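Each remark here refers to the structure printed beneath this line.
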Amino acid sequence: MPVFADITDRLARLSIELPSWAFGNSGTRFKVFGTAGTPRTVQEKLADAAKVNELTGLAPTVALHIPWDKVEDYAALRSHAEELGVTLGTINSNTFQDDIYKFGSLTHVDDAVRQKAIDHHLECIEIMGLTGSQDLKIWLADGTNYPGQGDIRGRQDRLADSLSQIYAQLADDQRLVLEYKFFEPAFYHTDVPDWGTSYAQVTALGDRAMVCLDTGHHAPGTNIEFIVAQLLRLGKLGSFDFNSRFYADDDLIVGAADPFQLFRILYEVIRGGGLDEDSPVAFMLDQCHNVEDKIPGQIRSVLNVQEMLARALLVDVAALSDAQEAGDVLGANGIVMDAFYTDVRADLAAWRESRGLAADPMRAYAESGYQGRIEVERVGGRQAGWGA
Amino acid sequence: MPVFADITDRLARLSIELPSWAFGNSGTRFKVFGTAGTPRTVQEKLADAAKVNELTGLAPTVALHIPWDKVEDYAALRSHAEELGVTLGTINSNTFQDDIYKFGSLTHVDDAVRQKAIDHHLECIEIMGLTGSQDLKIWLADGTNYPGQGDIRGRQDRLADSLSQIYAQLADDQRLVLEYKFFEPAFYHTDVPDWGTSYAQVTALGDRAMVCLDTGHHAPGTNIEFIVAQLLRLGKLGSFDFNSRFYADDDLIVGAADPFQLFRILYEVIRGGGLDEDSPVAFMLDQCHNVEDKIPGQIRSVLNVQEMLARALLVDVAALSDAQEAGDVLGANGIVMDAFYTDVRADLAAWRESRGLAADPMRAYAESGYQGRIEVERVGGRQAGWGA
Amino acid sequence: MPVFADITDRLARLSIELPSWAFGNSGTRFKVFGTAGTPRTVQEKLADAAKVNELTGLAPTVALHIPWDKVEDYAALRSHAEELGVTLGTINSNTFQDDIYKFGSLTHVDDAVRQKAIDHHLECIEIMGLTGSQDLKIWLADGTNYPGQGDIRGRQDRLADSLSQIYAQLADDQRLVLEYKFFEPAFYHTDVPDWGTSYAQVTALGDRAMVCLDTGHHAPGTNIEFIVAQLLRLGKLGSFDFNSRFYADDDLIVGAADPFQLFRILYEVIRGGGLDEDSPVAFMLDQCHNVEDKIPGQIRSVLNVQEMLARALLVDVAALSDAQEAGDVLGANGIVMDAFYTDVRADLAAWRESRGLAADPMRAYAESGYQGRIEVERVGGRQAGWGA
Amino acid sequence: MPVFADITDRLARLSIELPSWAFGNSGTRFKVFGTAGTPRTVQEKLADAAKVNELTGLAPTVALHIPWDKVEDYAALRSHAEELGVTLGTINSNTFQDDIYKFGSLTHVDDAVRQKAIDHHLECIEIMGLTGSQDLKIWLADGTNYPGQGDIRGRQDRLADSLSQIYAQLADDQRLVLEYKFFEPAFYHTDVPDWGTSYAQVTALGDRAMVCLDTGHHAPGTNIEFIVAQLLRLGKLGSFDFNSRFYADDDLIVGAADPFQLFRILYEVIRGGGLDEDSPVAFMLDQCHNVEDKIPGQIRSVLNVQEMLARALLVDVAALSDAQEAGDVLGANGIVMDAFYTDVRADLAAWRESRGLAADPMRAYAESGYQGRIEVERVGGRQAGWGA
């Protein structure tokens, strides 16, 4: 079995994008709880994200959500981020909060509405040029609640047409990543409900269109690591949205619900080349800190990914391959479990310190005084949220 | 097989309580769409509910939600309702929208918070005295999002204590109905997640404590009609919250997702005595009209229950019993399907007309001009919603 | 809304292949119940299938399973079938009952085992030449029970290679259809678990490789009609395996668990051209009559498909399209429900009679004396089953 | 946080009953794979179980299944077991493999069949007297596959009557434990589908009737540790059947699918007094080693329970309680995760050695030569299995 020193090179490649909206308030349809210190502006969100990166060294980029993070001057925002030690990452579009999108956006039967949704994405591409973002991420709320409400087939055809218009406007170094989701907010049919649909749609677009896999967007019981392996094999895994779930799209902290599943996912990422130097796979968080503190929630999240990646890197691949070829079921499983059961926390702490980072980023945050400071400073104004 | 004339006596017993909040706006965590004509006040909600009852003859009572429907003078509200042709029904408590309930209400570890939640229910009981309501319905958002966040066992013990304090204050003709829900808004554990928990809790309280079964609050694949049969057998089925779902607690129109399931549920209601004259079972809707029109949505809902009840009443019970005893699987199933496949719509239309009701209540509503009127009249003010 | 006379032309196109194994015994891992009259030979299975076709006019072809239906002389079997009034259809391969396939077949890490599995399929193709079968259907039990037991990625690559070797041997008028299944008998990962995997694999093969959709092989909550619409759109829906389920791959009679779902699936078949004259979509049953009588079970099944197809053909497509374009959610849903709620049984009975068929095939079978005859004749020998 | 030395007293209390049938062949409806060395007799099963206990010190008792383990002389079998170093434990009844039980056993509509099923249980009680067994465990395959096939309510009433007749014959020191299961082999309704039903039925019987919780018998997403906490609170958790699952009742090795879930379950066992000296909770395995070796599969299973119990005992209960009371979500969760992430394998190995056991029981078995011996000795005869 490899030892910790063997895996640090690859461990050092881990970089996880933080979503700006994780620092704002979120909740359920029943209630959104506000908390002291919540950012009012995108600049304050960036400051919080930069704090997470400062303490963990894991989160050098921040994803924006348009229009939640709209500003007048994106070049200034980009400079501001860089001064804080982070860069601007993925641009996430939003076609689910305008009244005209009640019955769809890129799939809408009314060409005027559909054009507006396409135009919103073109605006996002323009912003990408200003922010230096590589990825345009598209998650659609499109779908229907009742059988017959919409024409499933027609909507799919219109989606293909809309996406091709958007894809055509991408610069050569930009990508489109299409996220799928099993259900919610649509409760009968969703227009991009599974990886197969996303794969079929992006394959029709071209090389720079990829699938985004959100770990919370599957049917109960789905083997997610299989999908990871399959998409890497097909060359179409563009990015992850990490979070965890017990039931539906719970958007809990990644690794909180089933750390062994996260370990298995990361094992397949490694196995499929997703951690290689030239890998196209981008890692990102997409979570809701409904009841827990947001900044430590993000710190905990990136640490969870790091801890499970370290364990996954410890799998004795050669021994595993031998056991698999020998049909030694318990032996092969044991090799995987040995890596999963290995406590990497002390090694990780020492390694962090060796790189000038906090040994225990959670404690370092608690002791930093940052939370107290923002709770005092961020009074008045309107706390950021989803705008729902 | 019975004919329609054989079933009208029992069909005439069907009475479905409407929830006042169904007429307000509701939605998902992503967006709540407003619609023209949405009530601003509880009085306007009552007017809409009365319209549903006027057209269908099925919905003579209206459930209130406290504090959403709080008024100064409940006696006046009661009179107002009666003038509209309806009466006030179940009082629904709400301990999920105050900041202090972030970590629980009747289960909260802090006695002060728990007392506040108990007091809210005592206030509800007072209101029940004024409105003439029989049932206090308790649905709790209590639960946790992360393993370790709360002490599952201690919370259950505190719940029992809180409920007993509330139960003690009920008048002799009042009941407490405890609703269970599989998940949401809590995503790791819910304090009343299943019928077994509700049953154990209400059994400890006494005869006037019953279970409320919301048809959307179960794990995937759950056989709901079995639970109906079991609770009726145990004498503890107090009420239904009707709605339908494809995925989670979708709160779609009852019967829309799986009309055959609704038929089977109603068959077990009949089989277990739930439609008998002295039945303790109350029928109520609890739905969200996120994308469809609200008043017709309610009309459609009560009609769906009526249509499926009619079909369930058409089951040839004697022949079914014979086939069951003979081990004739296909024969027994065929008898049930014969009833389900029988189109009762024309008979129902004629029967409605014979009782002075609209033959087609959906069309009657569309032609009534009511919707146009409220859209004109209800301008300004704040549209009712969940207050989330 | 169309009337029955408007739909008979398209209704007459319905043809459903029966699986030979439906007439043998099947059950669960706990028990397989035998029944009097069960066939001992493939010839007796064909006789039963022919009886279903004689009474319903819906089932002119019979699928075979190799090796369960292996015979010395396939040409003779073909003639025998034709004399009975049916033809031989899809050949189903079987690589899940030989001890060497314990850890996989077309995906096996050992080339010798994999070659044997490939050779089995080549043998099936030879048989197809003799039986005149068009389709080679491949369902694989391949998968693993424990994390680490197998290399998910490597297995997928080997699957692609195996399939390409098999595909290369097909005659020009033959097809390969690849069935996917969510789980069982493998309980951790399955090598073809979803439509996306089947689609990606068959797309790599060529035009004559298609996806087989078994209606019981999905995760809980999956919108199957969406997959139907998507595969038709992509030109890759080759065939259906019809059955129904409440929980897992229950293999109940199609339409028994959720007739409304079957109706919706058939609506999308029609919508997507799957019932057109030149449609590549083959309809087939794949069920287990664990506790009900087998021949009437098959009759009931094909009738269920016919009844739901009739209802689906009654949807007022023009009105539906108008309502969809108008964003009239309840109106559009109502149009669909009107068709679903229309009782087509009397019309179907009359239509059957007009075509020289039994008005009520279930009753006709009961009265035919066939069951009594086979119970007397088929004594001794070994009842057919899965050979598990 | 406690250290390992703090927990060994309680760890030493762990005792896990092995099912005799785990050493026989089992599989799926598709195939049962045989393996060399599989026992042919109950005596050989006991020998294998004794080997597991010898190496782990965790499995001193063996559950029998009647009729699979029927012998002429139970007193002799008891002595034989004791000579091998184990004792006979729970007696499991079987009313699912006789043809007369096709439509039910304790719930059957035919009193003659029902009496036969009752009598079978009375025979089991007699055997318990001879074997010195404490528990009669009842798992029923009773249920139906099609709506209408059976009368859900009547079956429940008959179940209550049957159970009361069986319960009446128990000796004062004997118990009845009633197992529930979500589905399979019945696919529409199961007569004891959930803990609520088992709880209601055993509560009606008396103090010596308890619930058996099989960890694989729940709907997708069910929070099992909640049920553990609830049943302990209600004083009705009689026993566990341990195994694990990804999909349905997969019967995989306990802890293999989700070790964190097993840890959480065991935490609630401790929390609720289930590991106390006088605890009524019996731990048992119930698994199928379809593709892995059986004896090491059982060793791996009891070790998994021990490892997760050790981690659960390491939870810093005082600190956790403080964090819970403070509403410190991340802090409380962190305390739980700290225990789960602690690698106890080296401490457990040393502790085993200190008690005269193998440090690594898996390796000790591999090196023992036992497997080679039984493969040579157990040739001929009929390998034990489920008899399905």
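Labels for the chains are A, B, C and D, by order of writing; each one numbers its residues from 1.
Basically, a residue touches a chain if its C-beta (ideal position, glycine included) is under 8 Å from a C-beta of that chain, and two chains touch if they have at least 3 such contacts.
For clarity, every value in this text was computed on a predicted model and none was experimentally measured.
Undergrad: Have a look at B-C versus A-C and report the one with more C-beta pairs in contact.
TA: Pair with more contacting C-beta pairs, A-C versus B-C: A-C.
Undergrad: From the mean C-alpha coordinate of chain B to that of chain C, what's the distance rounded to whole Å?
TA: Those two chain centres are 40 Å apart.
Undergrad: In whole angstrom, what separates the CA-based centres of chain A and chain B?
TA: That gives a centre separation of 38 Å.
Undergrad: Taking each residue of chain C in turn, which ones touch at least two of the other chains?
TA: 102-103, 145-147, 149, 182-183, 188, 220-221, 223, 246-247, 256, 260, 291-292, 329-330, 333-334
Undergrad: Chain contact topology under the given definition, line, ring, star, complete or other?
TA: complete
Undergrad: Over in the complex, which chain C residues touch chain A? Could you list them?
TA: Within the complex, chain C touches chain A at residues 102-103, 109-110, 145-153, 156-157, 182-183, 188-190, 193-197, 199-200, 218-223, 225-227, 229-230, 232-234, 260, 264, 268, 271-272, 315, 320-321, 323-325, 327, 329-330, 332-337.
Undergrad: Which chain D residues qualify as touching chain A in the complex?
TA: 220-221, 223, 246-247, 256, 258-261, 291-293, 296-297, 300, 307, 329-330, 333-334, 340-343, 345, 362
Undergrad: Spell out the residues on chain C that touch chain D in their complex, using ranges where they run on.
TA: Residues 26-34, 96-97, 99, 102-103, 141, 144-147, 149, 182-185, 187-188, 220, 245-248, 250, 252-253, 256-257, 290-292, 386, 388 of chain C touch chain D in their complex.
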